[in-house]
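Handing you this structure, nothing more for now.
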Amino acid sequence: MKTSRNGTRRRKTKAITTAKAGLPPGSLVHVGAVKTDRPEITLIAYDENGIEERRFASIVESREYTPAHERLWLNVHGLQNAEILGEIGRRFQLHPLVLEDILNTHQRPKIEDYGSYLFCVLRVFEYDAASRTLGSDQISVVLGENFVLTFQERRTGIFEPIRDRLRAPLAPVLKRGTDYLAYTLLDAVIDRYFIVVDQLGDTAEQLEDDALASPTPALLRTINLVKHDTQLLRRAIWPLREVLNSLLRGESAFFQQDTRLYLRDVYDHTIHVIETLDAVRELLGDLMDIYLSAVSNRLNVEVRILTVLTTLFLPATLITGIFGMNFERMPLIADGQGFYVALAIMAAVAAAMAAAFWRRNWLRL
Amino acid sequence: MKTSRNGTRRRKTKAITTAKAGLPPGSLVHVGAVKTDRPEITLIAYDENGIEERRFASIVESREYTPAHERLWLNVHGLQNAEILGEIGRRFQLHPLVLEDILNTHQRPKIEDYGSYLFCVLRVFEYDAASRTLGSDQISVVLGENFVLTFQERRTGIFEPIRDRLRAPLAPVLKRGTDYLAYTLLDAVIDRYFIVVDQLGDTAEQLEDDALASPTPALLRTINLVKHDTQLLRRAIWPLREVLNSLLRGESAFFQQDTRLYLRDVYDHTIHVIETLDAVRELLGDLMDIYLSAVSNRLNVEVRILTVLTTLFLPATLITGIFGMNFERMPLIADGQGFYVALAIMAAVAAAMAAAFWRRNWLRL
Amino acid sequence: MKTSRNGTRRRKTKAITTAKAGLPPGSLVHVGAVKTDRPEITLIAYDENGIEERRFASIVESREYTPAHERLWLNVHGLQNAEILGEIGRRFQLHPLVLEDILNTHQRPKIEDYGSYLFCVLRVFEYDAASRTLGSDQISVVLGENFVLTFQERRTGIFEPIRDRLRAPLAPVLKRGTDYLAYTLLDAVIDRYFIVVDQLGDTAEQLEDDALASPTPALLRTINLVKHDTQLLRRAIWPLREVLNSLLRGESAFFQQDTRLYLRDVYDHTIHVIETLDAVRELLGDLMDIYLSAVSNRLNVEVRILTVLTTLFLPATLITGIFGMNFERMPLIADGQGFYVALAIMAAVAAAMAAAFWRRNWLRL
Amino acid sequence: MKTSRNGTRRRKTKAITTAKAGLPPGSLVHVGAVKTDRPEITLIAYDENGIEERRFASIVESREYTPAHERLWLNVHGLQNAEILGEIGRRFQLHPLVLEDILNTHQRPKIEDYGSYLFCVLRVFEYDAASRTLGSDQISVVLGENFVLTFQERRTGIFEPIRDRLRAPLAPVLKRGTDYLAYTLLDAVIDRYFIVVDQLGDTAEQLEDDALASPTPALLRTINLVKHDTQLLRRAIWPLREVLNSLLRGESAFFQQDTRLYLRDVYDHTIHVIETLDAVRELLGDLMDIYLSAVSNRLNVEVRILTVLTTLFLPATLITGIFGMNFERMPLIADGQGFYVALAIMAAVAAAMAAAFWRRNWLRL
Amino acid sequence: MKTSRNGTRRRKTKAITTAKAGLPPGSLVHVGAVKTDRPEITLIAYDENGIEERRFASIVESREYTPAHERLWLNVHGLQNAEILGEIGRRFQLHPLVLEDILNTHQRPKIEDYGSYLFCVLRVFEYDAASRTLGSDQISVVLGENFVLTFQERRTGIFEPIRDRLRAPLAPVLKRGTDYLAYTLLDAVIDRYFIVVDQLGDTAEQLEDDALASPTPALLRTINLVKHDTQLLRRAIWPLREVLNSLLRGESAFFQQDTRLYLRDVYDHTIHVIETLDAVRELLGDLMDIYLSAVSNRLNVEVRILTVLTTLFLPATLITGIFGMNFERMPLIADGQGFYVALAIMAAVAAAMAAAFWRRNWLRL
């Protein structure tokens, strides 16, 4: 079990070295774990007149199709097939570095303006509360004037509610440009963060209970692991703040004035999720103190038991020693009940002491 | 009790996910706990000629009313009735995102300029010193050219003194614009912060006494909880600083030059309350050290008791052992008073040691 | 004693809530402790031709007086008489907020430009090394084109050397404008800071000696209290840095070019006092480590005593046990000197062990 | 072994004092360890028409050679021969300070624009996981309009893949300017950082296992040493961020617009490697807590053993004392099996207690 | 010894209060310790034609001298004679504040542009490794168009190599302006920092060895003292960074374009020395952890000894108790060798236990 845990962390901190070593920059190679067996291409064409939806199993299939509506949303699940990406890149005239970044699923969140389109890398997370592991997927978004391209490592279901909304007859989103669609995608990603942050918060509270109940070094390791996860999450969300801020300042022409009001809302949510995450991280930081204090208290309790034991037995042992001395004349010795009197004294002293400890709450472990 | 405490904290850090999941952005749904049974609308119309005050139980009632004075202050207690908000939004031409933010009571404090009005979200706090829980309410303020709208989750009484001042005949505030009214509202909110910060400071000092008297892990948990509360408070006040600063720099046209001098005063108060809060937080941070040191000291005391006990009994036990040896010739053995002489030696040694410990203050628990 | 200490701190962190609650902003009420029984007004009129000095017990007295020199320095000790301030305010045309800030002696240091005069709030400190309490007074300075007004809570004597310098015949300061006088006032305040910081540094070094000699939780509390005081001091000096910097940049027209060179000097001193204070704070931070380490060491020493005791007595007790066994044939038993031989063995073993401990320095408490 | 470790660290932090003391600035002296016996000069001349490659053992050899292609890449391994550098400096008209910086291998990474060329100092690392030592080499790059000069302390092999790529017939890199070559060199250096950071991450995880298994002060020292190494690495990478950022902002004319897109990629990688390194540093910081907690736990375990032992023996010893008393009438004494009954009681009490400890897991070390 | 240590620190943190109290600003009084008995004035006149060097014991002597070369370097050792400074000030037309700053040897490093000259305050350090005390001297430099003035508290020898270089016939420095001379002075000061930082680094490593070998609270105090010294050093070097940066940006006209390239070099060295110092400070910070961990380990070892002792003696004591019981029938009692059998059992049990402890390494102190 320990091995697998270390393995998990190593995957997280491991960089992009091995797969790319020796290759010239710009080669189209998928870097990262393959997370789905069969890639799938989904195309939604829409405008104020309606919506049309297609699914293609291969890039060949899609070649003959001409969409009947003005705006396009092309989504790809599964990135292992570099050929698909190559053809999409040619059709939408994407820069080789963009394709490379889409395929290399270890990117930091960022936004880059390539003149005729905006390229955006996002990271969504999934927290498995049972095994306390944080998984993540990279989602790349390309926003052009009349198209949005999204690339995911596997089917995450994160964009399903948006598709449902598009399918509704006369949906308001149909009347708006692709920048509004891009906003709803961003909004969906941020909403997912809230869920993961809440799960991490629940885990932290669970760990707080554990730390008070049974402080073990293994628990400390778990606390650090969760702390590490929150740090990972923060590092993924933090750049989003910058990105949104630059979009808000109107540095990019791809978002229209009225959509920018909505982006301000997404920005607020991002700040909110960062603050909630910071609260979780503080709680985890305090956990360390609680843990160390619980360990100290346990030591106190154990020293106290030792003290109690010594205290209960030392007088009795002294009494046996006294009556074990070899003086020729000693009181009670010749008395037939002397032995029992001695035992009674021992018991009485021990009982008196036990009562004193009881009052001090020292007999509670 | 523990469950409820965890529950409390969870409510605080829990984000806005569940209620909003699946809904398109912009839907008017109240997010947050319902804190009053019956919403109430209060309308104050005033200008230099006088003041008129009305209360409406429903939005329908208010439709027929035409105010006789130029400037309006409309206050709503209770937000669960989205219909009220919808109608107010239509009348004062508020943007859907504003209405959404008013209803979602998990907003961060912020100020947003919508061109024809200024939208401001504030958070007021209430500290229950007995149960050591910090409650908070969201207050939204909309400042237009001749109107101020305020929205509260429940009747907090925080604006009551301002109403009293308005009702005074020839009150100077009547002669001034709605921006001055907005300033007095802000001032009232900041004053409330001072009260809560003082209460937290008193709690921190109480905890300091407790930490020195009886350091238990449960106390540590309480300290962390209060620390968490101060953090929460700071996070709510901090953005206000930015907001006021931007108003001071004259970025918004809604505050006139002479009102801005007063805003500078509110700004000073905000800085002051933040610094006072930081002093409380430092005290709480030091508490952790005091607590850990008190735990260490208790361990020292317990080890010392063990040492004292051992020291008092070991010589006596050795003496009993000596006279318990089976040598044929031993001094005192045949002496009739030998037994008592041995006991006296034991008592003398123990008394001498006890006296030594007494001088060292080691007998004090 | 504890109560009073808590009381002291509470006074420091307590905010301005109670005295002002319910009053409209701008009312002239003295907020803070009354520190002198009879307010006093001192007026110094000076220019290159000479100097004239007057003292007034009430504001009424001063009405008939017309100064013979061009530049005025009006100083007020004691602020409880709001009437005095009201009249001064009217004569020098001060804004109501300025008067309010002068009377409310819980202001943060700040400088504000009101167009026709500069308003400056400073805080001077006094450290009582015996009781380890830090007291502070607010000093407000108003600098106009030909006048300087200073307001103090009580007679602090801080400006006395400046008065002496003015009284010297043909003093160079007489030839210069009121901005140079304002500079000497600032310089006097900063010099006072140096004294207080040195006192705090001495206290910190005293506490370091105490921490090594006798680490008690009460000492820890004292350390935290002094740390709190340095924090308080820093918070009062820090804004001065900003204020002086803005004056240096020439943002205010009240300081002439050649006086600004002197302000640069005051700025350097302020940085210097902040750095000295930071050195003291570091020392206090390290004190915590020294204290905790001293507590740990004491625990080590106590465990060591326990070990030494056990080690000295266990072999002797074992030997008594051995000769206390009831075997029919045992060596030495029948020997007339056997008892003393056994005692000698016990003593020898104990002495050998004591010597070993002596070499290890374990007998030192 | 300890001496060598200290020696290692000292070499790292030791500054450039001794070798340079007394010399006028600008003297050409190699400062640093000599890492290769024979310096070697490699010259690659290339343009879109082809590539030509030469190796020279001395600078004299190279004088007669005239390259057939437009762009030059001159690489020097081994810097102890100041003469080589002097001649290269004269040929390419480098400033004396540049030559001095190349020879002094204790430079911080930096980039400097000398008008007709760009001078860049980089630092590459090598981590020996077995001995846990971090070695570093300085690489200096001079980028002129049609030439790139690289200077290395020894053959590191870091640029070998780039040479291979140049040698490929019709390699795309041949068609691009020397700025693109400089970019590939930078890219190779950053890739090397990823490898070293991964190795440090593995070491940190190994140390985490060790800290839980056997916490010794020596381990703590190792943890601090690795922490020191990560700090060293960070300090070398951090300035690169600035350097790349300034190149991205187009402050230097040596990188063309289309190469700058690739630099943005290198910049992203640099941020990524810094973040990965920060994750490693956090892990190392947490290690300290895990270590201290493991030490505390071991103390708990040892106190517990003491308690268990005392608990097992005290009752038995008391029982022997009881039956060792000299009362004339005692139960069991005259009984032939009395002795065994007493032993049985002792064993029973000890067994009962052992069972209780077993249930509490106190017998596990 | 303790007193002197405290005294040392007090001198360091003590501010400039006492000597200046009551004096008007601008008075020429030497503030600080007098470090040399007889002040000395050295004058070097030089230009491309040669160099002339004179020494004057008093300012009177120097009046009749007219230098034969264009550029002047006037150096003063010993500042207690305010008269010297006054005359120099009048001759070179220095501002009174400059003279005051030169005489007050508690200045922070800074650079100030007075229009016709540049005034620069530096601080050089000297570390006495034996007594672990850090001494410092203030060096003031005034750079005019054709002169450089340097003022030192005593003969530090820091500028001796520069004088030697000037004395060399046809030295390149003679051909350059006084700004180049000023650069070499700065360079010499920075080089001295490297030496002191290396000494502090060696001390820190020595302390690390001590912390592992014998952790005492006095050592902790020494660690904090050295930490304090590094802090002091950092505070003196840090402003230099700013100063050099402003010179590099060309804010001052006193450094010509080609000299600025050399200043960039000095700037790099300053950054390097700061980073080396930071590495030393980190090491000192880690020392605290190593120290605390060593203290903890010593406690563990002592508890372990207690456990071992108890474990070795308890069984033996129990056995003596068993054979000391007064049962009429006991095995071995009547056996002539019984006594020795019992002793053998005791020894065997103790030996078995000792062997077990040996395997666990518990007998190692």
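Order of writing sets the labels: A, B, C, D and E. Residues in every chain begin at 1.
Keep in mind that, in the parts below, contacts are C-beta pairs under 8 Å (C-beta built on N, C-alpha and C of every residue); 3 or more make two chains touch, one makes a residue touch a chain.
Keep in mind that what you see is a predicted model, and the values were worked out from it rather than measured.
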{"item": "Intersection of contact partners for subunit A and subunit D", "value": "none"}
{"item": "Equivalent interface positions on subunit C and subunit E, same or different at half", "value": "different"}
{"item": "Distance between chain centroids, defined by C-alpha means - subunit A, subunit C (Å)", "value": "45"}
{"item": "Where subunit A and subunit B are represented by their mean Cα positions, the distance between them in whole Å", "value": "28"}
{"item": "Sites on subunit D at which at least two other chains make contact", "value": "292, 296, 299, 303, 306, 310, 317, 321, 324-326, 330"}
{"item": "Ring topology as an ordered chain list, initiated at subunit D and continued via subunit E", "value": "D, E, C, B, A"}
{"item": "Complex contacts: residues of subunit C adjacent to subunit B", "value": "2, 6, 9-10, 12-17, 20-22, 24-25, 95, 97, 100-101, 106-108, 110, 112, 216-217, 220-221, 224, 227-228, 231-232, 235, 288, 291-292, 295-296, 298-299, 302-303, 305-306, 309-310, 313, 316-317, 320-321, 323-326, 330, 332-336, 338-339, 342-343"}
{"item": "Touching residues (chain side subunit D, partner subunit A) in the complex", "value": "161, 165, 172-173, 184, 187, 191, 194-195, 197-198, 201-202, 205, 208-209, 212, 261-262, 264-265, 268-269, 271-273, 275-276, 279-280, 282-283, 286, 289-290, 292-294, 296-297, 299-300, 303-304, 306-307, 310-311, 314-315, 317-318, 321-322, 324-331"}
